[in-house]
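Two complexes come next, and they have one chain in common, chain A, joined by chain B in the first and chain C in the second.
Up next is the complex of A and B:
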């Protein structure tokens, strides 16, 4: 039975970096009519990400690349146009792992050992190959390194269109000289992060959240956490909520208890966003909510790629009827957070 | 009548010279084997030993009733005797390169003269002997076997014994593997799943069923 699961946790500290591949980020601020400057300064659309066409996978494995690029910054990359249930998907994580999600025929020709996917039953039709690029054995002259190079290059020359983002640790500006030098044979395209704003200037009603609210959800009860999440969702989708009396269609009302605010801003950025940016946003939102009295809470929603081979904590992610892997952090002024996670059928509960 | 006129014992000294020993019966057989197969001397000698020993160490000799059946060495016997093993000093790739060239000539003979259709070639390939061919594992359910290549030295019912260029003797199971070898312009792929016959049997009655799957 396909199922969707919602988890809610009440926590007092920032969730550590969970290595999810980030496609969309949404920030919702009730009580603000426009995005505050604090957030605007660090907005993701100041960054850009890159597309490389027909990049051979072997380029991501070479020692030079690992030393000069992977170890010196946060490199996140994923192949484009490939579906995780049909094709081969390649992903590179900032922790130095190269993940290949391959189908049975390719796995039987490739020559690298991997594990069968958890979501395919007895006769495995998908396999996941994980290569640790930061391992000491992954260096020139060692057997493992030669084997990896041989199977990715000589055996089957796998090439993909790849999007990536790279943030070097020690430099202020992204210095692409090294990367363009290594990949001068391939076409590099600059892609910008798209942003979309929803603003409501009239007074709207939002749920009132308190840190001692019970998290045990009882369906039907207006106070439960899942209806709060649903309401936040309707705001972010810009759905027409209120029908008014006398109209046959039921009207959707804010779960009790609720309060009135002057306006809501909902800003969405889509593209490949690095997890470092999320950390910065979270920090900024946290201090903003504390400082501004008109803002009762803030919500940060992060969506992962549908076709990503990995999800939280490098666990396997699959696509059944949908590939949702997203989480929302509701930031309250007293330094507490609510974390909602939505997982699909072919996902492991983190 | 005096028997000495009819027959006489063979002159013992001459016998000893001819046979190289003056031992008799079982001792003679042991000596004979030792002469011919020097490095197996200890094992074979033990095999002939009639004393009953623990099953783990030695096989007990066959009972008289079974002697009427064809006396074939079982797999356990073969393993113990190490008759079919290739000793370490002979596990060198260079030694077998001439064998490979011989095999190529044999294959060309087989497949070219007279010129035959592709289907007939296929039938011939089924029956031909592959010892000395340069085989490569192209597909396998086990990723470590993929890419192994070398000259085929022994073919058993379920395995291929290949010597690689780094002088390593590898035993590759036929099941769940696909092998490829090349003869001039002809590239032949063998699906190991359907090839699990001893090479001698395959040559005699090598037949592949019609409905086969190439999925591993």
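Up next is the complex of A and C:
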């Protein structure tokens, strides 16, 4: 049975640096009938990411790639079409770590040292191999480097379809040409971030959150943190059923106390989105909520890939029944935030 | 304005959420959310009796064309609901089955599906 674990923190400042791979970002604004310009201007659909097919994993560990690309920008990549519960998944983090989540047979054939997965019981059937590409021993001529190259190329030539995004530190376009030069045998396809809007333009009720509200609800209080999170989920899933005490199909109603707003806008962007973009969105939402009196709060939800091999703070992530891997930041006008971290069954509590 | 830092960890869910789809094997039927709920209650009563039938299942979202739905189920009744839906096999003497695609204690996680998204990415570019 899927386990519930989520944390809610009440904080005055944010350092979003959770290190999970970001697949979808949602912004929810009650009180707005359309996405405000200040958010539209920094919308992630102006960014793009890339797909490269049948890329050998060995290309990600070569010294030239690490020097010219990884060290000179934020590179994030993950294999696509692979599932963390039964295939091999490869991921590269901006911290310079290459993570391989493999099954037992491949692990034995590969010959690299790794750890058994925490989520497969006593007889481990999955292993996680982590290679630190920024380590001083990972350079030409060293034993570790030669071993890694030999395992990934000569012993087993593993290839994957891979999506990645790369932000050079110095904003020099010439660095991207370095990447196309290094990977000239492979086709790099430019993909754009897909945007989707859910709008409710009629008058709607939303939970009313008071300033300095405690996270711990008092008995008899109709509203607690989990019911607010559930409300965010109903908007995000585009709930279309009207519920109430006398209605047969659903008894769900908005948690009390609640207030009326003109409408709600929920904008979703899908694709490989960088954490820098999340920080920009958060900053823009924060100032927007403070400046607009009709917007009682805003919610920023970030979903990671279900099949990512790592989640919070580079800890192992498994799929179990849903692979959920997301967090929501609820922004209030008095500069406080509620951070909900929804942790899956096969994940560690951060 | 400085407020107190609070951190709470919630481990016992009150509700679980299921994404289900009713497959009628090509037969046409005119369903609305009340009829769909009736079917779920019938499935529960059929396997678990009146006790099963009294489990309060709420329909959060219902799509008439595809017969996909998001249900809210009290966590103590999740196993009963899931088993009843899995074993329900005929409606008005016609074969049918419920496909449970996702179950989670977090409702926002049901709004996205990265496996479908990444497989679409690969299909488009073929």
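We adopt the following convention: the second predicted complex is superposed on the first by the 328 of 350 C-alpha atoms of A that agree within 3 Å, B and C clash if a C-alpha of one lies under 4 Å from a C-alpha of the other, contacts with A are read in each partner's own complex, and residues count from 1 in each chain.
Rule of thumb we're sticking to: a contact is a pair of C-beta atoms (placed from the backbone, for glycine too) under 8 Å apart; a residue touches a chain by one contact, two chains touch by 3 or more.
Predicted model only: the values in this text are computed from it and were never measured.
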If chain A is used to align the two complexes, do chain B and chain C fit next to each other or clash? fit
Which one hits more chain A residues, chain B or chain C? C
Touching A:86 in the superposition: chain B (first), chain C (second), both, neither? neither
Based on the superposed arrangement, let me know which partner A:111 touches: chain B (first), chain C (second), both, or neither? first
With both complexes overlaid on chain A, does A:155 touch chain B (first), chain C (second), both or neither? first
So if I put the vertex at the Cα centre of chain A, how wide is the angle out to the Cα centres of chain B and chain C? Nearest 10 degrees is fine. 100
Should A:197 be classified as contacting the first partner (chain B), the second (chain C), both, or neither? neither
Just to confirm the value: shortest Cα separation between chain B and chain C in the superposed three-chain model, in whole Å. 32
For chain A, give the residues common to its interface with chain B and its interface with chain C. none
Which chain B residues qualify as touching chain A in the complex? 138-141, 143-144, 146-147, 216
Can you list the chain A residues touching chain C in their complex? 1-12, 23-24, 26, 51, 53, 80-81, 83, 161, 163, 189, 191, 212, 214-216, 225-226, 229-230, 232-234, 236-241, 243, 248-252, 268, 270, 301, 303, 305-307, 321-324, 326, 328, 334-336, 342, 349
For the complex, give me every residue of chain A touching chain B. 107-114, 150-151, 155
Residues on chain C engaged by chain A in the complex (per definition of touch): 1-17, 33-34, 36-37, 56, 58-62, 70, 72, 75, 78-79, 102-115, 117-119, 121-122, 125
